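Next come the structures, one after another.
Here come two complexes built around chain A, the first alongside chain B, the second alongside chain C.
And now, the complex of A and B:
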């Protein structure tokens, strides 16, 4: 049994005993074998001293048990690290940001407390997974959809608090934005409800978000300020139909108009699913194509001429690639856009979208047949599930062995900067990241495309491999740190990252001598006097550990 | 010159001198005549000792001046009360929550810093009014709309921070939800930017909302935690067309299905303007009809038979009223629904909406012609402006003398509880509020209808008259306090209120011994050690004034 730093063996034993009293002996874990399960499966520190470890884990079933755990933690100054359920692979897993924390594993708090079909909302506990909620709704035949992320083993509470995203309409695929009302155990053990939930017997806890007075919900996302024990969400009424269609454009510079028109359509509410950009000519798959490729079907060989032209395009000579595309009927860009709604409405939306994209010379269109919902069992086997609110784990073979990937990696870490929603930013970011890759001796991608999980902004998502070789991991980490700095120099910041990089990313959000971080530290000291709640998460350290934060920051290039 | 309580004359004079040094002598106001302008024009305490007063006002033009003012205030423990521009009539005006505050009047910080047409966003200072922003956009011919409230003299910053609402698509008419990025002068004078703005040189400050780490923006709405000096908003791309249509139903109990279908359509994104409910049979105007009635056109006399039937319906006997409606072709309910988008799309949406409402026996439909946008000058004279993103002051003759209102009031105070989005809640709230009105000797309304400013929830908005008679005001205030309690007993809470009632409303958000308020107080003490920022706003008092809060609460029935 390992003990949290700064806690005496006696005190830790006393804390464990009180945890056992609170939740039952069988739900407190301290053996090395059990603790291995709380490590980050994709840790970039695999086998190194910095690899995060938990001293124990405790799995409560009730709010009162959570409160009891938090009070005990305060009594003995034992740091806690709450997790919900799922894996969070690539963003840190279930390992604490600060080694030695006791993981508060909320997986047993898995009750769906309410699904309101008429007003399309739900109230759930943190251990409810997307699978659980989907099953609950399906079993009752309720006409509401949950927006699900890749993959579905996570929980609506955990995923939204980490600001995860999905695939349906913008206000639902931004999972945190879709929330309405929270219940939180504060670091002092007190129970608080936000929004209308602060009014006892409130009838609109899941109907009106911001309640009365300052609206504090956002504080508890990507946060070290409390343990969320209940959370409400707005759901999407099951649409009548779905349409997926593609816009195909032939020239590199068509991306300018493509993005501009897409933004107008999406901001105008005319397309409403997640747009998905690909480039057949550059050999870059859309997310949907990538997901399909996971089925490990044999891939057609690439024409060597095309490979050569791609290299020349990457070096700035794209005319020949365009001409090749013209000859072979291959598009430079494909933009898949999706529509949820009544069949006649989405048909009209697609018609209008085509008119708007027609300003692009030579643009072509392709549309799948409109799918009436709900899906039949046969249809379910033919579609990509997340677009239909169905949780799945299909995507989680990322990096696994396949015909196209004979050398699987151990895992990956996501580098995810937000960049502007315009083509210029896409081209600029490609230049900057290609130069950085050369500089940091990383594999240079010919071109990368952003994703559209968030309305209004693009996000680049690069998967850095995690290996079992320490030297390789060290090199990749160093490059990751450098990329964070490079991105920041260009005004691009990450929206989320694994604990290994949270200090580094937070340090780029440095306006006015880190005013935001200093504000967070002021809040932290006020709310969590003993600094027991998720120390270090998202770069916010309690007072007694701030020196370690500074050490970590100064040591980050090593 | 009046001096803030607890501040010596010398210290106050020194503070005033420093304010003058910061912003120039001509922008610091202390005369009684000037201070009268910062009183609440609609104060329910008119001529009573509780009437809120400001000791001085100071009007900076730059962020540095705001910081200087805040530092001076800390030096001399002078309380501040920032306001943007506009009047906030009915919710407290520009008078401070705590008498003696120096009003920080931000009206001169009126720069539109950016409007991005391609991605439909803007960045503005707090003194920019809806008129200013509209004019800026019109002068440049930009194809974006600002969602405007009634009336347009307020500012996007101030209105959104007070959580005001408007009339277009749900994500824009919730003005706070439409914001993206803030700059704030904290109570200690430090400057902080939130969201991506915390990253120096950020390219996506107005494109991605929540930045990295805990998202704190909400804390600064309805708040005493800082002075917002810049704020970004997402704008609505100018739609191609607009359609306003009505659903008419004949029976009282049709409201159940009407609301249920409306919710499905609105939550499904199929209708997207603000739904507007009225009842010709009960004599209750929609908001649009009410606005039209402000033009003071002669009103047709009401059939005395109808009046009698309305009274009987109010007493529970609605069948005869329904029969009368049947005979005269008058609907029990009219639900106006609105559509913004491409003409062919909104026509399809209206077709689909009609199909859905057709489940209601005998339902009828009426649609105005589709209006192509932008409006022609001639069309501009025929439409209600806020639905078209055009600011106006037309609504601000509420309570004024007219042919239907020969006895104008001095003003009004809004009582605005949030109730569930279902017909049952509408009927129940009417019973409860009618009983309360009888009990508290208020005019009993036959029936009241909720508004749909917010998606997912209803809001009741009652205008209590403010008069020049102290006894009447006292009676109305006492009734207002009682209504807050009555509403809370039924699980309905106010979303906003004037300072006179902020302690009372906050005290109803009392879950777990006022855990939320105590959390706010913890934040307040940490962020604002000297308690100089907007003391008492939304019921949050700094440590040294909490006793007054308790006094105010205990004295509230008087």
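And now, the complex of A and C:
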């Protein structure tokens, strides 16, 4: 059994005994075999001393047990690290940010407490997975959807607290924005409810978000201020119909108008599904096209002329590529846009959208037939499930060695900067990241397109490989740190990252001498005097560990 | 660095084992077999897309084991059968599938106190069909024999081949595996 740093063996044994008393001996884990399961599958420190490890895990099933665990942790100054399902692979998994923490594994708190069809809302515990909630809704034939991430084996509470996203309408696919009300065990063991939940007997906990006074829910996302034990969400009323359509444009510079029109349509609520960008001429598929291409089937060879023209376009010679596209009927850009709603309404929305995009010379359109919902079994085989609120693990079907992927890596870590939602930013980011890739000896992409998960902003999501070779991982980590700095120099910040990089990202949010971080730390010191709650999560450390954070940061800088 | 789209295309979304064994040669198996208390096997899974996995499934069925076919993605099977079953009772599962199915099922099994107690990776041999033993049937038979005993220990490594060949389109390495409740405090074989 490993012991948390700074905790005596005697005190740790006493804490473990009290955890066992609280939850039952069978739900406290300390063996190496069990602790291996709480490592980050995709740790960028794989096999190195810095790889994060947990000293123990404890799995409560009630709020009272969580409170007891927190009070014990305070008594013996044992650091805790709560997880819901721990499945955010690529962003840290279930491994603690600070090695030695006891993982509070909330998977046994898996009750769907309420789904209110009329109000299109729910209240769930943190161990409820997207599959659990989907099953609950399906079994009862309720006419609501839960927006799911892809893959969908995580939990609504965990994914929203990490500020993950999905694929339906904007107010639901931003999972944290879709929440309504929380219950939290604070670092001192006290229980608190937010929003209308603070009013005893409130009838509107899942109906009105902000309650009265400062709205503090955001403090508990990407944070170290408590353990969320209940969380409400607004669900999407099941739409009557769905329409997927595409806008195709032939010139490189059409991207300026495409994005501008799309923003007007989306911000105005005309299109309401997740837009999806692709480029047939540049060989960049939309997310939906990639989903279809997952089968390991023989791929037609790329025309050597097209490959050469892509290279020339990357060097600034776009006209030849555009001419090739004209000859072959290939679009420079495809913009897939989606509509949810009554059939006659979404058909009218598509007609209006076409009018708006028609200002782009030569623009073409295509649309799939309107799908009446709910899906038939036959339709279900044809569509991309997350766009219909159906969780899937299909993404992992592409994870193995195959003829098209003969040398796969061990895992990945996501580099995901937020950039402005305009074409200028897309072109600029491509230049900046291509230059950085050359500088840091990374594979250089010809061109990348951002995703449209969030309203008002684009997000680039780049996967850095995690390998079993320590030197390669060290090189990739060094490049990752540099990219964080490079992005920040251009005004682009990460929205989320694995624990290995959280300090580095937090250090870039440095306006007015790190006023934001200092505020976080003031809060941390005020509500978590012993510094036991998720130390280091998202770069916020308790007072007694800040010196080691600073030493680590200075080590990275040298 | 790859974009998420490119990343999806290049297929590194799942974690991958480093060892590169050969058809019929789960070289990692001998040291990875853990013993576990016997619990009745719930089902044998095979990936219908691959002829070897189908042979494995047929042999398992001939031997009286309950068999389920899937095509790469485990979601349907997980949702329809395993998820509700494992909520009630952790029951062992065996299979010959592509890596993706094993990756997902292994992690889902952890939540129900189970582990992968046997695994092998199988990649095509140079020389083609003529050089190959009927290893899928062998594995199915071994699983059936082991299932009939009191523990899951004792699945031996199979014949090891000298070299592999490049995968052709549609081929993936296949993985044989058993997921079962581990017997704690029992030494790894």
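As a convention for this text, the second predicted complex is superposed on the first by the 549 of 558 C-alpha atoms of A that agree within 3 Å, B and C clash if a C-alpha of one lies under 4 Å from a C-alpha of the other, contacts with A are read in each partner's own complex, and residues count from 1 in each chain.
Throughout what follows, a contact is a pair of C-beta atoms (placed from the backbone, for glycine too) under 8 Å apart; a residue touches a chain by one contact, two chains touch by 3 or more.
This is a predicted model, so every value here is computed, not measured.
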*Is A:223 contacted by the first partner chain B, the second partner chain C, both or neither?*
first
*Now for A:194: first (chain B), second (chain C), both, or neither, which partner does it touch?*
first
*Looking at the overlay, does A:213 come into contact with chain B only (first), chain C only (second), both, or neither?*
first
*Looking at the overlay, does A:427 come into contact with chain B only (first), chain C only (second), both, or neither?*
neither
*Kindly classify A:234 by the partners it touches after superposition: chain B alone (first), chain C alone (second), both, or neither?*
first
*Among the partners chain B and chain C, which is in contact with a greater number of residues of chain A?*
B
*asked:* Applying the document's contact rule, which stretches of chain B touch chain A when the two form their complex?
replied: 118-121, 163, 169, 171, 176-177, 180, 186, 190-194, 196-204, 207-225, 234, 236-237, 239-240, 260, 263-264, 267-270, 272, 340-342, 344-345, 347-349, 351-352, 418-422, 425, 454, 456-457, 488-497, 505-506, 508-512, 515-520, 522-523, 525-527, 538-540
*Within the complex, which stretch of chain A touches chain C?*
31, 33, 37, 41-42, 85, 87, 89, 107, 131, 135, 153, 284-287, 290-291, 293-299, 385, 391-406, 408-412, 414-415, 433, 437, 442-443, 445, 448-449, 451, 460-465, 468, 479, 483
*Which residues of chain C touch chain A in the complex?*
1-16, 18, 72-75, 78-79, 83-84, 98-100, 103-104, 107-108, 110-111, 115, 123, 166-173, 182, 184
